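Both complexes below contain chain A, partnered by chain B and then by chain C.
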Partner chain A sequence: MRGRPLLYVDYEEEQSLFPTNVQKALVVVGALLALSIPFGWVPGMKFLAHPGWLQLLVIALIFMIGAAGLNIVTGMAGQVSLGHAFFMGVGAYTTAALSGNPTAALWGLELPMWLGVIAGGLVAAFLGVLIAPTAVRVRGLYLAIVTLGLVFIGQHIFRNWNQVSGIPELGRNWGPFELALWSADGPKIDLSNDGEWFGVFLPSEGKAFLFMLVVTTIFLLLAKNLARTRIGRSFAAIRDRDIAAEVMGVNESKAKTQAFAISSFYAGVAGALYATFLGFLPPEQWSLFLSVQFIAIVLIGGAGTVIGVVLGTLFVQLLPRVVENSTDFLSEQIANETLLAPVADLVIKTGAGDFGVLSLDAAGAGLSIFQANTVIYGLLIAVFLIFEPLGLYGIWLRVRNYWKGWPFTY
Partner chain B sequence: MPQMVPLLAQANSAETFLTKLIDGLALGSIYAILALGLVIIFKSTQVLSFAHGAVAALGAYLAAYFVTVINWPGRYFESLPVTLSFIISGFVAVAFAALVGMLIERIFIRPMIGQPLFSIAMITIGIDIVVRTFVGDLLGQGGNLSVGSPWGILSISKFGEIVVPHVFIAAIVTVVVVVGVLILFFRTRMGVAMRATAFDQEAAMAQGISAGRIFALAWALGAVLAAIGGIFASISPRGFGVTGGTAFFALRAFPAIIIGGLDSIAGAVVGGFTIGIAEIMLGHYLAGASGTLGLGFTGLIPYLLMMGFLLIRPYGLFGTEEIRRV
Partner chain C sequence: MTAHGHVGHRTLADWRHRSGGDYEHLLEFRDVSLSFKGVKALTDVGFHVDDGELFAVIGPNGAGKTSTFNCLNGVYRPQEGDIFWKGESILGQRPDTIAGYGIARTFQNIELFAHMTVLENLLTGRHVRTEVGPIAGALWFGRAKEEELANRALVEDIIDLLEIKQWRKYPVALLPYGIQKRVELGRALAMEPELLLLDEPVAGMNLEETEDMARFILDIREELGIAMILVEHDMGLVMDIADRVMVLDFGAKIAVGTPAVVQQDPEVIKAYLGEEHESI
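This part shows the complex of A and B:
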């Protein structure tokens, strides 16, 4: 009986979070590799121990929480939400008001970070519950437009409520990124300063990475677990056929309210952590673009799956770095006049009169690196939906199924 | 969006009310034209195009580009008046927009026929950010390309006895376009084919209608209307040039079609005028409270109106209620 991955002898085994031994092994190895990143012990991954890379990875981990939230409402419950940025902003500013430092013009109670982050999640969840009745009343594309309106309303409030969000286009400070039972006690776990952990010197980003790795893992496991609970199954029923679900006894309005509440909680926590980690953000941060970025993550990774969230976030967050590095590579080719120079010259705009898709100085025609990333997100959303609706997860499934039967490719 | 030049002296409150009503109608006509484009695409292809705002901004940019950057009609005819030059450029820009609409349909939407509507809507979001980024890049860092005052520096034009306030040009074009669309939809073979395809794709194809051509046509028409709306939103007297905000302005056509109903031509026009009038009226009468409400709160009025409206009538004023079958 052993060694047959698709054979389950009881229901519990089939329903477990990681049903096969291979999956369990992969999770353990993945966790160990991730834990070792800031220490730079594993050959081949040493470059990731650099503070710049670590910061990128911390942001990716925070985004995974937000993406898991959108995945719950859009992937699992099938409710299109363009309002994710709004809920993230709510979480961020709740935290700012609770744990930020007050000045003459700014609110801030200087409470510890954990309290602010949890409160941020709860306030966002509360607003999610307020929005949910609209989702019960209107369906599909109508809901997408309502949530689109939410982003604009949110941006307006954030821009104008200066006691909370600071000056427009400038922003405000968040509280310190640290774990302390109570602010006055001083940090129990200091995440904002470099220091020694386990006898190894770590940059602050390395500590933040380890902290976020734990937090994100908890949130992702909870999201994965949600799918096999009664609530999660009611989400899937609503997504697949809402009226049939109601006939089966699923309370539609309750399920949608729960989906929005949980999703908004995730978004609020992600927004709070993101803002606290970066420490300074303008109110313009919580724009439609952020929502679209999360939609890109969920769709590129594979809607409805937690592993898709991880893959999608890594892809979307690391893409800017890849684009940047490849433009550096191409400019070097031009500078050294190698064989690749003619191709590189077409891609990169070097002078005022030169043709090129990318331009390295921000001014003038030719896409900047940021714009190039945006274009790539947009195209990838379309390309994945047309060719691989299951996203990166679907590609992984295809690869796996090919090798499962290898060499018999029937 | 910048406020408009008042038409009449604001002597008493009744006169102010009338002035604001006229302002609202003028603004509403731009929303109506944008909303009409969305409805045409939705009616024929069941796709809600989130790329509408981006296409509008692209059309507005192209029109401004032809006039100001390359001075395209003007360079061949030296004595060509600015107004005429602008109108010619506008037509060319609109033609380009039609081409863009057809390209979007052919490349991204055609392969998705039969897929869930949600997926197609998401694809249009992808297209939206691509087109919007390119327009933003073309606009450069200043982010504003203005054609000046294509209708002249006065706020009215006189043609003999007839006086045309410039705010009405958009409204006049809207009336022409709406009548044109109605004729196209209800009085031509093509319109019958479009309605048949919207009603039942397979049955229409069985009658020899090429659904693909209808789709392409609907997208071209939608893009044309988006571009016209975008152009009017960006020129005086409504706007001060093409900016990144032009796309967001055009997105307010969504509340208009939600209020009117996603699949109703009459709804698009009524919805457009409703939010236009509401925006100007509330903007005027709540101006005293703008300290509390924040600068630019008028831009939110369409969305707030839409949300309130949806709770009362989930399918809009004239929209068809979705029949759900098990």
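This part shows the complex of A and C:
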């Protein structure tokens, strides 16, 4: 009986996260490849060991935690929330107040990072619980508008509470990105300075990458387990048929409160880690754009699935880099007057009087790279909603099913 | 080792409802009236259901059959009268609380969780009979895993009983109508109910599907001993399997009794066939 694929002899085996041997092997190989990234050992992935790329990947890993949180409330429980940036901001400033360095104008208790991050998550979760009752009263588009209001209220508070969030449009510093049990003088794992690990020299971003790889994996596994047990199913029941769910014994307001609390906890932790990793952020960071970015991640990846969170975050985080690289490429074409130069000239605005969709010096008409990214996010959300509601995960499902049956069509 | 590879898990046979207890009737409606502004949906409706009984509610469209269910479930709150479950009033309690007492329901228009598979739908029915919270669930190992496996074993028994094995992993939205109706019955059964409300279980079904469903209803009754209230327009089915029948018309009770008695009742004949008029 053993060793025959797709033959299960008990439920435990069949219900495990990775039931087939192929999946188990892929997970092991994937984990090893991910762990090797900062060391640059694997041919073809060496370029990722550059600090610039590593920083991008660390931010992607942190965003995965935030996206997993939004996925719980929006993907699983079906409550569209635009307030995710607010909860991230709450997490970030709770951490700043607890583990930041105090100055004459700024609060900061210099507590260790882990304490600040967990507290950030808990405070955000508490505010999530306060918001949840509105989700019981209003639904769909109306809830989206209510949570949108939250972002603007948050922006106002963050801009004006200068002891916590620093000067508007400038910001404040966060504590060091390091793992210390209690104080910075005691034993600690330093993640914010370059150094040697296991006899190999690693840039600080490399250390942060390995740390975040572990933390994000834990958070994603917790989200996955939640999804496949009782509470996760009650969220999905509320999303699909709320009246039927209640008649089946699911307490609607309790389920929505739980969804908002867990989602906000994830958001708070993500915001805290993001701010601490970058070290310095203005209060304007926690704006609607950030919320929309997370909506884009969840929708593009595949709402309601944890693997979609991973795919969506990588896609959305790497997109600006791709846009940047392609504009660089087009600029080179113009400079070298190659065959592509006329096309490139249409896209890139080179001088004051020149026509171009993108303007690299951010002056005059034309979109800056940031604005171009915003437009692309918007387009992608629309395109995915219309053509592929299951997102990248849905595309993957279709590709997989095609090859499963190949050369037959079914 | 049982067939499921787990020792000690509950099976369907274990939860055969044991009737009896310190109450007169399992369920009692006492003069329940429900109105929406001027529309009187129910007027002084009173009836009772006993342990293991198959009680049918019939009546023309708009007679108040589904409203009766909605009052019982706590979805609607009647303005007058009282509803007793095992001798205690359940009026004004939330639907999920009432579900916790062991009152399960299927819907007239299928209300399955469309994005879930058959298996997940049935497992959702286990919600009231399980207790793992978000933290234990997220940690998986320990209580959550144990509970999931026990749930799975029980749900598989229901899948066996209703003969939906080949649909187990299908998203319910893809299934044919008759199978969806069966899945909905299974989801209600997963709640281990003591009273099962069936709202038109064979509506829109062909003869073969109707016979299958009738067989399942009788199986559930015999093997599990669950009391049932059946709302149905298929008179053949109702008269064949019901113990007692209540007839509603315009929100009022016009007859109650065994199928044979109700069929001969002049009021019932009038409600269904209309009155004889002298031709002009």
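Points to keep in mind about this one:
We take it that the second predicted complex is superposed on the first by the 393 of 410 C-alpha atoms of A that agree within 3 Å, B and C clash if a C-alpha of one lies under 4 Å from a C-alpha of the other, contacts with A are read in each partner's own complex, and residues count from 1 in each chain.
Definition applied: a residue touches a chain if its C-beta (ideal position, glycine included) is under 8 Å from a C-beta of that chain, and two chains touch if they have at least 3 such contacts.
Model, not experiment: these values are computed from the prediction.
After alignment on the shared chain A, the placement of chain B and chain C results in a side-by-side fit free of clashes. Of the two partner chains, chain B is the only one touched by A:Val375; chain C is not.
By the touch criterion defined above, A:Pro389 reaches chain B but does not reach chain C. Of the two partner chains, neither chain B nor chain C is touched by A:Leu170. By the touch criterion stated above, A:Phe152 is placed in contact with chain B alone, chain C being left untouched. The partner that reaches more residues of chain A, of the two candidates chain B and chain C, is B.
Aligning the two complexes via chain A yields an angle of 80° at the C-alpha centre of chain A, spanning the centres of chain B and chain C, rounded to a multiple of 10.
Legend: residue contacts after superposition of the two complexes on their common chain; A:Val29 is shown touching neither chain B nor chain C. Of the two partner chains, both chain B and chain C are touched by A:Ile243. Superposition on chain A leaves chain B and chain C with their closest Cα atoms 6 Å from each other. Shared contact residues of chain A with chain B and chain C: 241, 243-244, 247. Residues 9-12, 15, 222-223, 225-226, 228-234, 236-237, 239-241, 243-252, 258, 262, 304 of chain A are the ones that touch chain C when the two sit in their complex.
Put simply, chain B touches chain A in their complex at residues 48, 50, 108, 111-112, 115, 117-119, 121-123, 125-130, 133-134, 136-138, 140-141, 248, 251, 254-255, 258, 262, 293-297, 299-300, 303-304, 306-307, 310-311, 314, 322, 324-326.
Across the complex, chain B is touched by residues 78, 80, 82, 133-134, 137-142, 144-146, 148-149, 152-153, 156-157, 159-160, 241-244, 247, 289, 292, 295-296, 299, 362-368, 371, 374-375, 377-382, 385-386, 389 of chain A. Taken in their complex, chain C has these residues touching chain A: 4-6, 73, 75, 94-96, 99-100, 104-105, 107, 111-116, 120, 123-128, 130-134, 137-140, 144-145, 147-149, 152-153, 156, 187, 191.
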